[in-house]
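One chain, chain A, appears in both complexes that follow, with chain B as partner in the first and chain C in the second.
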Partner chain A sequence: MASKAGRFRVMASLTTCAGALFEDQVFKFDWSRSLVGVPLAGQFWDTPRGQSNFILRTKNRVLASLDSDSGKILWRHVLDDDADELLDLRTTPKLVQAVSWHRESAFLTFRAWHPTTAALKQETTAPLPPGTRVDLAFIHEDEVNALTLADSGSVTVQVLNWRHGSPVRTVTLTSGSGQPLRCIRTPDVLVCLSVSSAMLYYTPLPISPKAAFTAVALDKIGLPVGARPLALQTVPGSSGLAQIAYQRQDREESWLLKFDQGKLKGGLSLITGCEHTSDILRLEQACANAECSTFKPSVKVTKLRDFTQNVHEMSFQFSQDVGRLVQAWGACEEDERGSAIFQLVLLTSDGSLTSLTPLGNQMWTREEALASIDKVELVATGLDSGSMEDEGPFQNEATDLVQQFAKRIRHHLALIQSTISHFLELNDWRNVFSGNQDKQLDDFGIRKVILAVCDEGKIFGLDNKNGEVLWNVVYPNVVGEKSYLFIQRTAMHFGTEPMASLIFRNRYSQKFQLLTLDPLSGAILSWEDLKHPVDQAVLLHQHDDKFIRPVLVISKNQVDVVPSSAKASVIKYAEKTFIATKDPQTNDIQGQKLLVNPNGFLVLRPIWSLANPGTEVRKFVGKSTEEDVHSQGRVMADRSVLFKYVNPNLALIISEGTDAAGKLFINVYLVDMVTGRLIFSANHKRVTGPYHVVHSENWAVYTYYNEKSRRAELTSLELFEGNEQTNATVFSSVSDVISPLVERQAFILGPSHISALRDTRTEKGITTKHILMATKTGLVYDIPRQFLDPRRPNMNTPPEMREPGIPPYIPELQLPQEMIINYNQTVGVPRGIITAPTGLESTSVVFVYGLDLYCTRVAPSKGFDLLKDDFDYYVIASVLLALIMASFITKRLSQRKALKQAWK
Partner chain B sequence: MSQSSHSMSRMGGPGGGGGRWKWSLDFNTGRGGRGGGSGSASELSSPPGYSVSNAQQAAEVYRTADKGLKVKRSWDLALGPIKQVPMNLFIMYMSGNTISIFPIMMVIMMAIRPLKTLFTVNATFKNFDANDSPTSHLGQKFVFVLGNLANVALAMYKCHGMGLLPTHASDWLAFADPIERVEWAYVGM
Partner chain C sequence: MALVRGVLSCLALTCVFWSLPTRASTNDAAEASSPNGESTSTFFRVEGKVVPPENKGTDFYWRTRIVVEGGKRVAFLKEDNSFAIHGLSSGSYLVEVLHPDFFYEPVRIDITSKGKIRARKVNNVQPTQVNQVPYPLKMKSLGRHRYFQKREEWKITDMLMNPMVMMMVLPLLLITVLPKMVNDPDTKKEMEQMQQSMNMPNQMPEMSEMIANFFNSGAPDKQKRKNKPVTRGK
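And then the complex of A and B:
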């Protein structure tokens, strides 16, 4: 048995070793981009050799050091645990100190790193009483102050020793405002703001046992009448400054506070201190509206001494829309002649970092919004020759035959034109034969535009070839939660532009809005408010006469069609359209049918519901509507067919609950969404999330964490009809009476934390599927599906009983290193994987996103329709040429010989 | 058979016909010595072993045996394919059921050869009588076709044994179209 296992292991490693990469192939088909996330705070730090680093902490729980000359990442630390929160960062000449707070286990961690080598110097854990909440923590001298902001308006400060983490004292500061405060610290003062009562409270640092707040009303210190305070902000790099952002007449302004001293106001201005000097930098952004979403905004930077004396002035214009200035960090120096030398790093509301010189030149930029991608889609560019899609049934109604013919001719003319221009652009003919084959590969539809919507309200179009930002637009009020991104029209329809639509809730108005844009160029096509709050939005499969796939926007008791012109096509299919939703209140799954009521409105009528008492639905995954199942069965060893149970309306539900012993369990259901028929159910005890599901064809795969065995496990389900097929042409859930055979098997995964799971997708679905699995450690595995086959036979099964191509079952899933598609390009904190088919049946484009981005392509059945990457064109061509020449020469020779013979 | 009997009758010639000693050289047979004209031809002695009477007699024999021999010959030809069957069976048994180039080539030859001959049945039997109508030798032709068909069947059986015949549902699976769906259900999450 052991030897068999060994043999299998060898076999398993052999089958995959061809998937590995050669050294010269690195970054040939893939690219990666390392990010740090949108900064929360930063500090300049000068190395002993005089180089300047910019050390920052970000929203993505990252502590990083950037080279402030180039913007490159020097080192980066990511906090492992999702519950860990990075609260403060301080740089000293020899250390980078950070305080992090673990939400769930209620302890503070003090860590210190070496600023250049990033080596961990110190790690101290300070447990706090269970149930404690820490909202703010900062390091002051050798003490860590952990603040809990109570709803009553009081602030509890727990002071701990930096070295040992032992509690020093606990001080409670009361404000009596009755409202929770917002607090920040300046180097020497703790400042708190009560937004509702417009009062300011402050106390000097360190907080002594007898410390108390000094209260000041905002209007007393000169805040304009009618101003509504919004937030209290620090002034980085300054000594003793803070600013209050307030809103007045649709404008956001800020007020500078220097305690007992100066005050300063401007338009929408931002103040930053100059490190190393007592000067400050004032930044003013010219804004047209409250959101500051102008095209190419400009910033005026003024260096001030003693708040009044203007030392240096410059202005800078961004090359693109970046939103509003959020934060700025400056490092100043004074040279002998007294002229200003400073470096400025600007953070704008779109999450990008821009570094400026005193002359107003841009040193570097970083697009950090990409570290928090919320919704992403891969859009085909439609530049390949075979991209004209079948025009579908609606074509006849809209255009006649002549028009169709003319359209096709125009399409081909356009293709010829683009081919000619492509060749004219090639100034170096050597590129055609050697090295740069990327242009040729466009013919296969591998080029995609990665359409990414980020949490910062920025929408990107990235090139999947090299990660280049093709375009970006800023919508600061696009909010992440409850947003939907759909590709309504692809680029495959000649004469119409592709169309992507984003439905989201406006951050300010809380209204739902619809943004339609061209994913290839980033051009905004339309922008409208939706009438009703959106509960669900669903992209339908059929398209109308303009090839737009309609989106059903479901509100409480209203079903709208977007765009409204596509309503006719929705009504046409209404009879066959079913939607299953999760009721957010009762947690039931409800199946509904789309109906047209006598008034001509679309309504949903509930037809079935699935109650989950005591459990909460965590995953509800249907099959992709674009998926074709090209093989209807599996061939057995005896050459009979085991027909797949391919029910396209099947959904997999994972609901989580707590049992009597207080342990988590999950129920897994397979439900027909049309009839509500329960096909399969299973129960896993003592398991927790994260749950990931891949549901495709006739199989499903889901992962969970087994708490009892402390390991991640994967369960594979596969459904079969049997040896007979009831209906080979049409599947209807209503007339479906098949009770499928459900094969299932569980596997033990090596990596303990799975971040994302996805299947590969190909054009026709003929290529075997692989499962892509990203782990928290940043590895992306490419697992052949036959390894996860639930029909893997027992080890003791005699060879003649085994099915070809299915390895025997071993509980541990062997994941050799060659399966890692991102080799040594670790993807920091992956959160999702998205795949898209290409024009080549063998190839699928993979985009992994998280803190870092990684894009590559995989060929699950090897590149059966592609020449090998190292295909020797020279040898083949020269051999062919030599053969042709040889044939000519021998022909000539033989002719001569024949002539001579004739003369003899 | 007829050929050998014919030569046998010729062999009997010199013993019975000429009473002369085995060989003789006639130096007078020069061109000048002859008178020329038609009479000189009859003076030529017959080549050794040739007897005019015997030749006539043999032709008689041949003509009388012709009918029965033809039938016999044609039956031989008709039965040829069937006689090959045991040999083919043996070859099939020896070559085994593995899919490799030689068994496949063998099977193809086994199938192609009888098929080819099936198209040239009339031509095969033409040699026996140029004047005969195609309907002659019907029985032989029938048996001949049957034998060839048996060989083809044998080749098919071998193909089947090797699993080369698309006789299972699995062989047609790749040609099945994707199943159309009637209802469209969507997950709203």
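And then the complex of A and C:
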């Protein structure tokens, strides 16, 4: 009975505290963008009504159908996590067929869907012997061919029945070249290329038990002398065509191969074909300048009949950077006069899709690189009036007093000027009314630029208000793994432009490079090579005299400062700079101190180390350097104050290991990164990842999956100094002798698979914190921190002993559906959440990314500094007006009456 | 035999089985062995049906996702709203039916190494508790998701039931309505007399006068001065 009453109370308080949405707020502050990912293959499919859809499979294991007129997603299926990327896609008039390969369990899945409703028509699994590798699979007639390419140059083909998945035959084709092959298939030929020996091997389909390769040297079929073959590609929409991309004198060209009835017939350079009319669309790309550095290729499309006759010509110039043309798909149709009309869909190396009409007009574009965001930051635009940041103690103190004053005056003058120009621009008064609210919100610093670095080497600046692409920069295939993105200077400093820097490893040269750009405009400030390979890069929290926060680039024992001009300020604070690094070999965590050696170089000296024998560090989470902690303690029920242990140098470490029984376990540590002092440690047995950590103020929250109970759990830690505070003004790790009280509690989560965890951030830290939790199924929960408070009292605690505002402890966290901030805008495969404070203390901007993007705002303590958004301006205004009117009228009346009375 | 069973359960006969909760669930067709005859790791198939809500819309087939362990394995809806999850080895799996607008309860599926399948309710607090549900699965929506809070609507009853309003309205009613409800002519007369005696001039302060006094209280002299020349002129 008692528990029931308790539960009711929890629910009641939950509904009042959760920042639930009202239905009319849908799309008021938020937007979402559905993506499919960068396509690997696509096909046009004509609907019975004569429209055409573009069905494609992508790198993100997505099968989708786009409306070819508008580029909108008609349907989308996200396939299994444990499958490799989709191996083949085939459309027939009634079906969309796909083959996927599950490497771990070693089986192929054949699936077929209805092309318009996307309902499943057939699903078959075909298990292969364990340990089999499948490099390529394709559907041919009623059979699926699964190919294993051996390094010795032989190809093993397992032919399986499409309907039942049963094996039909196994054929081994040998090239005898002793070199690894790359294979593709055209509708009726299997073609393999040996790059190193420049030989081509092909065999007609279906592969019979006695099939063998026909070999031909590349120079025999007319490939130019000196050409170095790169890859073998299919020609979409064609029958019997394949092309070889080759490099000659630093230019990439391609050579077309034509197969007729399984025989190689000839060659021509081109890209796509028209199946219906047996015409070929030949695409030639040219760059604006010789180095191709602008990435704005112009495409010349020539339509050829029978290889030679030129039927139609069109050219198109990309208006923005897209990289290089990678693939093109054409949908061709014959009109009455016999000249075919066609639509082109172009894939460029930046991951964007562009659709063209025969006249070279752009129909639609899709930025599919956004489906694979690697690094993301929210950058304040600094357009609001109150955004001049307090320069703080790092400013050169006494010297620049006059200069600072002058600067402030200039800043305010500039603001006045911009305000006036803004009003002058508002000629149309309708704009003022319709756009009123937006302008008002800009004043509160809610406008952010989402700086997103994508896997395809494209960097975007998105507007957080509506998801519009403000700018983009293309470095196709350049930005590689192990990258770091830092905001070195915000837009809050008047007179300087903001600065973001990206440290990455170039995919071609394998060198580490530094790219500096202005996150608001996308302008590249610099692009340079770094001297040493990067082990780790750290953004320091103090800034130099130009307000740039320096980045320390650590490579072995070498420390470089980026930008190098900030070295003086780094040396100034070197005494106080401590860095924790992870040794990649021993897996130890080392605390190091920054030193200036006699030669003037910066070096690191180890101070402490934390060994993790038998375990591997999975998470290493410090506190955000930009965070403010507003209150120092908490007032208890007996009016005493429990002071928080706010150590800014604390980090939470999760290391994972395997115990004697072969089960995974984790160790959790709280370590002071300056002294290496271990403040807390815990152990969880039989748990697996993914682990997610939020570490902020004096508390930390982490989630993991409990293997034994098969559920996701969340542990909450909170640290307190006690009833007395040792030093109220400044915290020093060196003189820290407090052993904090660590409160902890664990909770059971309803959703079993968590994919991201983040706390909300506000400007001054006055607003209570909420935890944002994205589940793998695409829901984003907004959980008040107080429900994760590790001091939730026992159910049996009498009411007078309980602290107000903290609900009693129940193991399972009840997450009502009102807590889902993205309502039915489910985010496909979420991977991360990022939050940023705004100029309004109550509000925090939230950006969730994954396959889809979703951006919104949350107000954890409700909008206490904002008018409610259902505030009735009209009623208030009309009541006020009516009162004023009434008072004037009655005044007049009373005067009249007084006059009359005087006459009496 | 197993194959026949599997085929049967695909057919309409399944509803008969579903209505028998005690029916021991049996394995479905374990998939074929390798061409050499040596048995590969066996896979099992879990079947079920989603009961679509009314007015499900044409996008129901792709908006509804059937995910195992959060997406590790997925299944797709067929046109008859049935689904089958292929390629599962023995173990315990969480099966969820997800739709942005409709809510379905998740189910935990246990597959023994022999391929016996049972379905039970998900109980995160007591994971060992078995609360069996019929297999093949029949996923029925528990209704629409309630993502939104209701806005407080302005209602006339809310205003009328306000104690302040009641305190003001009730006496007003007593004063205005009660006298009219009296039918007896004698009492009527009496009351009229009373009213007449009460209705002495200037006994009730007039509203307009009150407000005028209120507004003009700052400048009473002005009014006097204004009045004076008028009387003199007369």
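Throughout what follows, the second predicted complex is superposed on the first by the 810 of 904 C-alpha atoms of A that agree within 3 Å, B and C clash if a C-alpha of one lies under 4 Å from a C-alpha of the other, contacts with A are read in each partner's own complex, and residues count from 1 in each chain.
Just so it is clear, contacts are C-beta pairs under 8 Å (C-beta built on N, C-alpha and C of every residue); 3 or more make two chains touch, one makes a residue touch a chain.
Since we're looking at a predicted model, the values are computed, not measured.
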item	value
Clash-or-fit label for the pair chain B, chain C on chain A	fit
Partner chain(s) touched by A:R711 [first = chain B, second = chain C, both, neither]	second
Chain B versus chain C as contact partner of A:V641, first or second or both or neither	first
Which of chain B and chain C A:G722 touches, first, second, both or neither	neither
Partner chain(s) touched by A:P808 [first = chain B, second = chain C, both, neither]	neither
First (chain B), second (chain C), both or neither touched by A:H630	first
More chain A residues in contact [chain B versus chain C]	C
Partner chain in contact with A:V730 - chain B first, chain C second, else both or neither	first
Which superposed partner A:H753 touches (first chain B, second chain C, both, neither)	second
Minimum distance between Cα atoms of chain B and chain C in the superposition (Å)	18
On chain A, positions contacted by chain B and by chain C	none
For the chain B and chain A complex, residues of the former touching the latter	163, 168-171, 173-174, 176-189
Chain B contact footprint on chain A (complex, rising order)	535-541, 552, 554, 573, 576-582, 591, 620-622, 625, 628-633, 635-636, 639-641, 646, 648-649, 651, 672-674, 727-734
Residue ranges of chain A touching chain C (in the complex, touch as defined)	15, 20-24, 75-82, 102, 105-107, 109, 111, 113-114, 117-121, 123-130, 164-167, 170, 709-711, 748-750, 752-753, 775-778, 811-812, 817-818, 820, 823-826, 829, 870, 887, 890-891, 893-895, 897-898, 902
Interfacial residue positions of chain C with respect to chain A in the complex	31-36, 38, 40-41, 43, 58-59, 61-62, 65, 67, 69-79, 83-84, 86-87, 89, 92, 94, 96, 98, 100-101, 103, 108, 124-125, 127, 145-151, 206-209, 211-213, 215-216, 223, 227, 230-231
